[in-house]
Structure formats: C-alpha cells, structure tokens
C-alpha cells in the first residue's frame, strides 16, 4: 500500500518554483509568462521615462527659445518691471509677482473649501445625496476655463466692484491703512477676483481626489476610532488625514500646479497691467496671461523670445515652489 | 479592454484617411468674419473650401514665414524691405475703422468731439476729468459730467492697437516719443481688456471710461462713440461711408509694396482712424495649384463679395484699387517664372 | 463645560463649517451653470448637430467643432491613459522609494503646472513646423501632454493606497508581480483610475490655447487627422469674442455642450464602474 502512494506520478508544479523570484510563472499560467512580466515592468518604466523625456524636451526648447532674451537683459530680466514692446525692453518682475500672489491666494481659499466639501461628502452627508453632490462638484471641473473667464468678466467683476470695492472705497478713512491695502480702480478686475476664480477652478479637482483618498481608509480603522468615542472631527483629524497624508500632499501639488499655469480664466479678469501690483485690489498680470495675450501678435524675435523666457521662468518657479513645499513637509513629518 | 483599444486604433486609422485638402490661411482677427462669410459662399458656389483661422496678425506673419499655411493675413502691413527679405508679396482686401467709445451717462453717440492730439493726451493720462478745459474747448454747450476718465486699452497684442497707437503717434508728439506705435505698447495709464470684447465690457461697466474698439463692435453694441476731427478739420462720425472716403483718397498708386496706412487721409468726409487688412503670399509659389486657388478666391471676393462684406460692417476697396491689385498678381506671384493665376 | 461637551460642540462647529464649504462650492456651480444655461439653452436648435459652423449672419451649427473635439480628445485621452496609467503604476509599484521614482514624480508635478499655451508651442515645434502643416494629430498630442500628468499623479496616489496585504496575498499564491498589479491592484483601484481618467478628460475638454497652434481650427467639416481640425474650445473662443450676436449665441451653446459632455461621461463612467464592481 505504501508503494502505491509513493508511486503517485503527480507532483505539484508550484513546488519547483517556490524558491525562485517573482519572475516565476504562476501555477497554471500560460507559458512565456516570465516574458510578460519583463515586458510589463519595462513598459511601465518606459512610460515613466517617456514622461521625463517629454518634460525635458519642453524645458530645453523653452530655454533655447528664451536664450536671446536672457542674453540681452541678463539678470535684470527678473527684477525689472518695465514691459515695453515698442522700445523692446522687457522685464518679468510684474508677471512673476502676479503669478505667485494669485496662485497662493487661490490655494489659501480653495484648500479649506475642498477639505470641507470632501469631509462633508464622506462623513456628514446623507447617503442618498452623497453621489449627486459629488457629481455636482466634479461638474465644476468640467466647465471650460474660458467660461470661467467670461463669467468672471461679466458677472463677478461688476458684482465685486459694486458690492465690495465701492463700499470699502467710500467708507474707508482717507489715508488710512484700510484704504491703502484695498486701493485700485473699482471695476472688479484685479488680483483678488482673479484668485477667487482660480480658487473655484481648482476646488473641484482637489475635492474629488480628497474624497477618493478618504474612501480608501479601511472602515475598520475608522470604526475603531469611533468605537473609542471620537467625534467625527477627531476621527478626521487623528485617523483619516494622517492615513492619506501623502496623497493629500499630491493633491495640493496638483491644485497649486493648476493655479500656476491657468491661462484663460485669469486673463479676462486680472486687469492686465504689467507693473508690480500695488495692492490686493490692483490689476496685475500673470506669466500665463501675458504669454497668452501677446504671443500670437509678437512679431519681433526679441518679443517672442521674452515671452518664451517668461514661460521658462514659470517652470523654474514651479520647480522651486514644489521643491520648497516638499522640503517643508519632510521636515514637518519629523 | 484590449479589444476596445484595438477597435479604437482602427477607428483612428479610418479617421485619418482621405478627405478633401482645403487651402488654409491664418492671421488677423479683424477680417476673420468677412473671410468666413466669403469662404462659406465661395464653397457653396465652387466646392473649394478655404479655411481661415484668426490667430492674430503676428501669428499670420509667423505662419506664412514657416510655410505652414498657404497665405497669411495681417492688419499691420510689412515694410517693403521686410517683404523683400522674406520673399513675400502683400495686398489689401477690405477696410475698417477703429472707434473711440465711452461710457458717459446722458451723452448721445457722436455728441462728444475729439481731436487726435486730445485723444493722445487722454490716453497719456494728462487729461483726467471729462469736464477738463481741453475737452470743453472742443465741446461747447455739451453737458460734460464731472467724472474721472478711466482709460481702457487692449491687454493683448492687436492690429487694432497698432492702428490706434500709430494714429496717436502721428497726431500727438509726446505720445510718439514716449510710447510709440505697435500692436502692443507700454500703456502709460489705464486698464487692459482682453480683445475688443474685453474693452467693450470694461467701458460699459465703468462710468467715465473711454476705450477703442473695431467699428463692428461699436455698432453691434450700440456704444457711445466720439466724433473725431480729421485732416480737413471736419468732425466726422464713424460710418462705412467715412471709412470708404478715407480709402478712396489714399495714395494707393504711390505705395511700393502696397505698404499703406489709411490714417488721417485728406478727404473732408474721411474717418481719421481707418485701416486696411492685408494678405501675405510668397512671390515664388512652391505649390502653384494652391496659390492659384488663393488668388481665385480673393478675385471672387473683389468681384462678388462687396455686399457680403458690407453686411458685416466692412468697407470694400475702391474699384480702381481692386483693378490695380488684380494686375499686380500676374507679375508678382509666379511659379517657375510663369504667373500662377491671371485675374480677369 | 465638561471636556466631552466641549468636544461635541467643537465637532458641531466643524460640521457647520463643512456644510458651509459645500454650500459655497455648490452655489458657485449654480451661478456659473445658471449663466451657461440662460445664455446657451436658448440657442440650441436642430441645426447644432447637423450643420457646420456658419459665417456671421448665416444659419449653422457646431457639427464640425463637435466632431473635431471628439476625435482629438479621444486621441489625447488614449495616449494619456496608456502612458499615464503605466507611468503611475511604475511610480506606485516598481519605483516607489527609489531615487529615480522621486525624480519622475517631482517632474510630473512640474509638468502639471505647465501653461497649456507653452505645451502647444512645444508640440508646434515638434509636429507642425517640421511638417509644414497644422493637423489633428498635433492637437491630439498637445491634449495628451496636458492630461497625462494628471492621470499619472492620481493613478499613483490611488494605487499606493491600495492595501499591501492584497499584493502580498497575490504573490504568496505564486502570481507574478505583473499579474498581481494587473489583475488585483488595478481591479481594486478601478474607481480611482476612472477618476484619474475623468479628471484628465475634464482638463482637456475645455482647453483652447494648445489647440490654436497645433490643430489651428477649421471652418469646414473635416475628420482627417492630418489636416487642420475644428474643435469646440477654439470655435467658442473665436465666437465669444466677436461682435456678432449669432456667433456669441453659438459660443454659449458650445460651452454648454462641453459642460454637459463632461457631466455625461462622469455619470456613464460611474455607472459602468459600479456595474463591473457588482459582477
């Protein structure tokens, strides 16, 4: 009887593969699967490298295009606020300032709103309403940016001028600090309203992904927190957010990145004056709006080069801002 | 999943195959509506599609130099030496005007009279109130409101700005030396609106604002425009007839390379801020068939397109100018020494 | 106040704040939609889908722009999804924690903020100038450039949050890593990947600037990708800023169509995801 069992011809396939690496074929898999693994791995790597190469190509072509402007103006290009296409003197300080101010201001407004919306949808919203409201918020992301621009110009700007700027202008003590901070032509086309429009634009992206992130928290972890007697606020603060922290940083980067590069929505409402903005309610310009406004018509090579140089600077700014953000967050973690 | 992908690729392969290759042109935004109107009617009549896209005068010049289009269009004519350097030939198609518009409650269109020098001072920021003595001097008896002047200009580069600033540079010496003329300048004061639309919107929203727009916008929006003093000293209102008078009294025959600015023309009925828009083509056509198509299209526009242009508030060229230009084509646009197309 | 009561009150304030935030977001949406609907709805008639774009004063529709947009968005999304999901997968799985992974992730974030007009210019240098002609291919590629970084970012975030236990279980059963990723991780992250795709699509559906220098635009109907192609955003841009009422009306109709299309695809995507989840 023992001999019969010993002579069983069957030997499980997986036994022979137990000691090998992840490249081993799974049991019952079609032959050549090891090749499939290699192909997949290198396809993924290839895609990532392709992405890098594409970005590299863009940056290099921008640098080459902007070289004449950099050569002509040198370092002064970064600090000068003159932008004169007739005398061909260009300086990037005004657009750079406008870009940084509008992006950070819009993030400041959009982040709490996006957090609030996503927390509401995940924790407090009645389940029936949750999906429709989520879809509604995502619908904001689908509205073409030119519509934001036009809405800003035709609806927000006049309202802002009439209901915010005029009352402040009329009631502020002349010469006082209130008047100084908020001075500017009361027609609603300024840095602040542009930031508001930007905030509404980046809000849906951030809220949608925050919501997805919150939904990946395992229910057991959240229920454990509730079981310990935490209020929903404490669950969010102490359990959910730390769990999805890394993803949240990514989302904030996404939002900030979007705000830095947005063109159409800002161009209509920022007032488009090239100097350094003097107050929150003063008109200004961003790099993206300047390029969008002037590139099509720029005929002289230096003008075109100055605009491309602005584009290159935007990449540099984004680079610096994102690097600094990462550095701060890495420190905060410790 | 893979099947869907393959099906998608197959669909693209089908989408990529044949469809008629039309002729393409790109450039100034100003004539885009009339070219679209002409192209629509031309296609209905002849079956040839001429695709024109408005990407700006600078874009038109860039693209024809890069040979990505069959013709370029620009509101700013190229100087003869520039034309020679790039081997291009230019000819005008239609005429239009730039109109100063204002937001002054209680004032009728055309009631305010301005001169070129005064307009320059306003845009320089030297005249800051509507009831200033400089304005009152030209407008005796008009109830000028005590409002501050808010200047609105273009934030984007534009042929309209080029015409407007060229006119100001011509009539106001300080403007000429301080700011100059170009499709994009460093404006001494005021807000920038994007496009004619943006300028109109800002003017409409701000009491006491003054801006400048193309005639079509002023007409369609029923804006309050100013009457301007022309070279003959008369104050004229912006009308198609006034633009036509400017075009008719211009020295076409004496303009080498067809480089001509219709500003401040001598006729008593002429509107001072008038301009033509131009087509740019290579003198030596690498694709004679396409070149012939382009010329045939514009010949059709000259012969049969006047009514359509007028319906959109554009002004056709005077008949003698059209005849002159059609004769020029046979000599100027050739392929291998032979004219690409001889117009009738 | 007892500590418990304090905590509950604090939570109550938090709930109110979250509700206010949602209310603000929804009212912004309502205001913008109201403008879109009031200006766009009146202009919809039978001709929108059957006639091409008209010259001012002539009757017409938006057929060529709609078809052009569909073709170029599809091309752009196809490229973006393939490269984006593969790259995001690499970042989350194979490259997680490596130095190269850090570099790729960082540069991807930088690419997200690229102004669309500069991407358009780059693709112009690549695909238009050397070939002496504008084309739908260039337009699709420019759109792909804009959507891919978003897809990569979101894919990486979602995949890296999938529980490691899933991967370990799969590999413990002898499956190869590729198998685990494709059949297990991707499947469980399905809704997240869908969101990534939808966000990418939402980004490119309304983009004008990159298309101006790549596909140029076309007044007539054209489904040939190697010729200039019309698209809804470029047509809207041209019409909205014109002086003519009928063109402006069509511009608002076009804007409304884009918003409706994004909403529709959102809903359809979610329904499909829910169904496959169930099965």
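The first chain written gets the first letter, and so on, giving A, B and C; residue counts start at 1 in each chain.
In this section, contacts are C-beta pairs under 8 Å (C-beta built on N, C-alpha and C of every residue); 3 or more make two chains touch, one makes a residue touch a chain.
It should be emphasised that the depicted structure is a prediction, and the values quoted were computed from it without experimental measurement.
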(request) Assign the assembly's chain-to-chain touch graph to one of these shapes: line, ring, star, complete, other. (result) complete
(request) Find the two chains joined by the most C-beta pairs in contact, please. (result) A-C
(message) So the centre of each chain is just the mean of its C-alpha atoms; given that, what is the distance between chain A and chain C in Å?
(response) 14
(message) Centroid from C-alpha atoms only, then distance chain B to chain C, rounded to Å. What do you get?
(response) 36
(request) For chain A and chain B, let me know how many angstrom lie between their CA-based centres, rounded off. (result) 39
(message) By the touch rule stated above, which residues of chain A touch at least two different other chains?
(response) 154, 292, 295-296
(message) Which positions in chain C are in touch with at least two other chains?
(response) 212, 240
(request) Would you give the residues of chain B that are in contact with at least 2 other chains, written as numbers and ranges? (result) 55, 194, 198
(request) Provide the residue numbers of chain A that touch chain C in the complex, in ascending order. (result) 14, 17, 22-27, 29, 33-34, 36-37, 40-41, 43-52, 54-55, 57-58, 61-62, 112-117, 119-121, 123-125, 131, 133, 135-148, 150-151, 154-155, 200, 203-205, 207-209, 212-213, 216, 218, 231-234, 244, 246-247, 250-251, 253-254, 256-264, 287-288, 291-292, 295-296, 308, 311, 314-315, 318-319, 322-323, 326
(request) Can you check the complex and tell me which residues of chain C touch chain A? (result) 7-8, 10-11, 14-15, 17-22, 24-26, 28-29, 31-33, 35-36, 82-84, 86-87, 89-91, 93-95, 103-104, 106-119, 121-122, 125-126, 145, 148-150, 152-154, 156-158, 160-163, 171, 173-179, 181-182, 191-192, 195, 198-199, 202-203, 205-209, 212, 232-233, 236-237, 240, 255, 258-259, 261-263, 266-267, 270
(message) Looking at the complex, which residues from chain C come into contact with chain B?
(response) 54-58, 71, 74-75, 78, 128-129, 132-134, 137, 212-213, 216-220, 222-228, 234, 238, 240-245, 247
(message) Help me check something: in the complex, which residues belonging to chain B touch chain C?
(response) 5, 8, 12, 15-19, 21-22, 24, 26, 32-33, 36-41, 43, 49, 51-55, 66-69, 194-198, 214, 216-217, 219-221, 311-312
(request) Spell out the part of chain A that touches chain B in their complex, as residue ranges. (result) 82-87, 153-154, 157-158, 161, 185, 187-189, 267-268, 271-274, 283, 285, 289, 292-299, 303
